[in-house]
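These are the structures in question, set out in turn.
You will see chain A twice below: alongside chain B first, and alongside chain C after that.
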Partner chain A sequence: MNLIAPSPFGSEHFQNLKITAISQKIRGKLALPALLLVSFFLLAPLLLIFRYSFDLYDPKQLMQDIFTFQNYYKIYSDPFYKNVLWVTAQIAFLSTIFTLLFAIPVAYFVSRTQSERRRSFLIIIIVLPLLLGNAVRSAAWMLVMGTKGLINASLIGLGLADNPLTILFTPTAVVVALVSVLLPYAIITLQSVMDSIPTSLEEAARALGYSPFHSFVRIVFPLAMPGIIAAGAICFALAMNAYATPVLIGGPKMKMMGPVVYEQIAKISNWPFGSALACILMLTTLVLTILSTRYLHKKYF
Partner chain B sequence: MKKMNKLSISESHRRELLMGIGSLALIGIIPKTAHAQSDELIVTNWGGDWNDRTVKFIEAPLIESKGINIVRALNLEPERKTKLLAERNLPRGTIGIAHFSNADAYELNEQGILEQLDYAKIPNAKNIIPSLRSPYFMPWVYGGVTLAYNPKFIKTPPTSFADLWKSEYAGKIGVLDQSFFNWIYMAALVGGGKMNMVDSAFPKLLQMKTKLQPKIYPTHQHLAAGFANEEVWISANYSARIEQWKKDKVPVASSYPKEGAVTIVFGAVIPKKAPNKTAAYTYLNALLDPKGLGQYCEASMYSPSTSNAILQESVKAKIEFTPQQVTSLNNVDYAYQAKNIASWLEWWNKEFKG
Partner chain C sequence: MRQYSFGYWIFLFFVILILTFVIAPLFVIIWASFFSDKILVFPPTSYTFNWFINAWDIKDFSNGFIMSVELGLCASLISLLLGVPAALAIERQSFQFKETIRQILLSPMYVPGIVAGAAIYIYFIQLEIFTDLQLAGTFKGLLIAHTLIALPWTIRLICASLMMTSLAAEEAAASLGASPFKVFFLVTLPSIRSGVIAAALFSFIASFSDLEKSLFIVGPGKTTLPIAIINYLEWNLDPTIAAVATVQILIIASALLISDRYINLGKAF
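On to the complex of A and B.
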């Protein structure tokens, strides 16, 4: 009598396991070029920026190679720069919330679209704005929001307003434009997560008496939370570092960190102070993203 | 205290290493052939219309036709300055010619990057307007900040920068944020200051802010849109820009201020580490070719830096300053500007725009 039970998986299973083990090794090597590229072209410049932030600005020599905390002290002690950081965080937070609010239903709709053809068409439509430059999209918003733009012309034409409204160069305009920039990123991230949630769960919920709305809120939404957190983190980081939108839509009085860093480095060649501002921007984005992600993970998992 | 341009090998190990890394990356980007052939010249310039016109009127007909192959590295000035800085510590650089404004050139020269030009090798340079000459920067075209106004609303042309402070234009004055330093110079000239003494500018600008509520526009394009939709009646900008706006049917006219325009000069430099200086001098001479420069100026609406550029009479009247206007031009004191521009920008951001 054969006491050893035959493997329920069969010998093919073990061969597959071997193949998987080998491919994992290969996978590790495949990641190497990308890792090297990132180390050289991202980490090395970041380290340079970090070191420059401790140098001292010298209009004649570009910078003096000393080690000082002066640039960081200036950011800390000057209410102007603290306010710029605060405004940037507020705008980024609001843009992220609105982006997620708009992106979740769209991602759900795309994910539950049965026809592959229709689905591909929808994804192309969603990704299409990314093929245009951010500056081009901002220029289009300028045409929509300007004094003689589409909105004001419509309002005046319909007799709803006597004088043009000031829409362009306001924080609201920046949030609206940023949401339009961020939406494709959020929708694509969320749609792939929602694809992985089986429709059978919703069907079961419906069979047990949940309305479509309740089955979405109670079943899909919690299961999609990792994707929502990831999409939120991407949007927040992009909004914190936005440049073209605050400059073109926010106007000169709208101070956000991206344009302020650019101004220091490009307009007046103050690399040390620009680098310190960039480091603070990176650190703030990183800390806020990690804290919010942790908080949401704790709350939902 | 160590200064960047005085670093010795032993004390500058870290910085040189960093610059070296940057330079290696730079070399990797530039085609190999650029190093190999002596008839090649790497030219770094602004892109867009600026470069298109340079190619059309100068580089293609006057340089490339002579067998010099131009490799173009097109970037904005911060990137181009960085490349030159990265090449400073190499035994031999790659950039042969760099286009810059005179303010950028001043900064680079202070950092010890630029070749002192041998004008004997640039025969066309004998026609350069004397006040524009520089030992390290070859002037090519120039312009000045003059008044721009909409003649539909302002019937009597303004004659002075002081007209920007007239109460009748309250709410209709357009200020260009990207040229904040020019507004400081203009306010200084109105307030009794000089190009190297601008203290009087700050109360004058605050007066404009509080009493006249100027509209601040981030870029030239925004300001042009402001004129087009009649939000702005009066402003100031580079004369060439105003002429370009006129070409684009923006409702605007220009007027030369009695204080004299604030100048900007564009030109080219040769880095000390340039590999092919003979070709670089050929390039500089071609830039000043009377026909090529004339055509370039007619297209860009900037004034030529030479007295013999061939211009159509109708265009000449639009773009060239009269001898009287040339003598009243306000040249920027670059040492003074470089020393103070960081604090000016801070004041501008906090006080004028805040």
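On to the complex of A and C.
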């Protein structure tokens, strides 16, 4: 039995320090496997298509050693692709505006819900459609908006229409479906921003005679503005990159960037041109993401 | 009881309307999966369970379902094996370029699915030419893509979980002579257990519902459920597809309800 208590500065103490030092050294490298996976299978592929976007298409050869801006020039000069870009931007813009308009009141409602249970119930309702993925969500909207879908069946059943309306395969249908895709993202982002705005400010405004509506418009809305811009940027980027919604809800005539990238790369195998289109999407998304994080990290108080 | 003004009721009505807009299509599709008519008509003449059996008989759906479950399980397992150490490094250690490394590890979440899918596809084929290793159209290739989908979810949730547990217990264990491995398995891991469970569930959900990243990489006979769904939707819209969608809704909703017990969902996004 050891009767001598180990001194705080004895050998054991230094041994422990050494162990901690070793573990610290190891820990820095713990991120390495994950980093390698992302670098090898995401960053390297992105660099590869960036290089491809300056190449020229040759059906007999994969990559020629050419460096040209021709693909980008084609997107800019060819009326078809210029139109694709323009239609995509328009639809993305419209969907973003409607999404924000709808998301702001819901986010405010969620952030001012006190009961923890009711709050997590609301969050589940909001994120469930988001997590289902685009295939199931699009299928659901096709059922609602199709020629024999729920809306047309109800309209005819109620005697409000004689013939089924064409709802599916129109730009309006795409915007409606996209808004439902984007709403969860916007609500979740805005809800966390509004959480950070103290209720005491509204209470003070109310005590001084503001109506609830007024205190929202004059107090909460301006304070939440950076978050609203951030949410808008995220929504615009997501809408620009949409694939399933334009293909299934927009139909074959609806040409947006996502489906065109797929067509060029997987069907026609024009990798250089497809890569150039993909790089434009990537660049837009990158700029918007950086913008949104800048705004989200702004301190309010 | 508090008195609510007229304006408040309008606000409430508007909120409920928007929430209905978000969730109602899902109920329509669940409803339609029980319609007995082969061609979808609203309202149905009668109801049946047959479409679920019918859907399973379609090889694309049953194989796609099995493929998606396998991919989801493998991808969340691998992303835990890679993501937990990475999260430990980020939260517990200071080293150079940490912020950059964190951004890189989370980047799969921000790169648009269609761009990432296209890039990975081209990269796989290029790789095949140089090394004879076939990845496009194989389970291995899909697994790589799905691990990328799952990894940022894992890292984010584990980091959040590590941030909330205190360092004191780990330091105490280390100063009492526990090896780093012992500290991790006996102290750190038990205290982030709920974060690990949530990470696994969310990784599974993210992998299971992915469409865009897998789109380029799937091959004949190697299709995931969401891709089988959209291929079928291009030509048909019937109760069979509604039944398949209903199954996916049930799986993801139950995973979400379970994870709600472990983490604050509002903070997960």
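Throughout what follows, the second predicted complex is superposed on the first by the 237 of 301 C-alpha atoms of A that agree within 3 Å, B and C clash if a C-alpha of one lies under 4 Å from a C-alpha of the other, contacts with A are read in each partner's own complex, and residues count from 1 in each chain.
Just so it is clear, a residue touches a chain if its C-beta (ideal position, glycine included) is under 8 Å from a C-beta of that chain, and two chains touch if they have at least 3 such contacts.
Everything numeric in this text was worked out from a predicted model, so none of it was measured.
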item	value
First, second, both or neither for A:44, with chain B first and chain C second	both
Which of chain B and chain C A:220 touches, first, second, both or neither	neither
Contacts of A:205 with chain B and chain C, given as first, second, both or neither	neither
Partner chain(s) touched by A:59 [first = chain B, second = chain C, both, neither]	first
Touching partner for A:253 - first (chain B), second (chain C), both, neither	first
Touch count on chain A, higher of chain B and chain C	C
Partner chain in contact with A:146 - chain B first, chain C second, else both or neither	both
Chain B versus chain C as contact partner of A:87, first or second or both or neither	neither
Which of chain B and chain C A:109 touches, first, second, both or neither	second
Contacts of A:231 with chain B and chain C, given as first, second, both or neither	neither
Residues of chain A at both interfaces, chain B in one complex, chain C in the other	44, 48, 62, 142, 146, 148, 247-248, 265-266
Residues of chain A that touch chain C when the two form their complex	12, 15-16, 19-20, 22-24, 26-31, 33-35, 37-39, 41-46, 48-49, 52, 62, 102, 105-106, 109-110, 119-120, 122-129, 131-144, 146, 148-150, 153-154, 157, 180, 183-185, 188-189, 191-192, 211-213, 237, 240-241, 243-244, 247-248, 258, 261-262, 265-266, 271, 274-275, 278, 281-282, 285, 289
For the chain B and chain A complex, residues of the former touching the latter	1-5, 7, 12, 15, 18, 21, 76-78, 81, 85, 107, 110-111, 177, 216-219, 222, 225, 229, 231, 338-339, 341-342, 345-346, 349-350, 353-354
Interfacial residue positions of chain A with respect to chain B in the complex	44, 48, 51, 57-66, 80, 142, 146-148, 247-248, 251-253, 255, 260, 263, 265-270, 273
Touching residues (chain side chain C, partner chain A) in the complex	5, 7-8, 11-12, 14-15, 18-19, 21-26, 28-29, 32, 39-43, 81-83, 85-86, 88-90, 92-93, 95, 101, 104-105, 107-108, 110-116, 118-123, 126, 129, 144-145, 147-148, 151, 155, 174-175, 177, 179-180, 183, 205-206, 208-212, 215-216, 225-227, 229-230, 233-234, 237, 241-242, 245, 248-249, 252-253, 256-257, 260, 264-267, 269
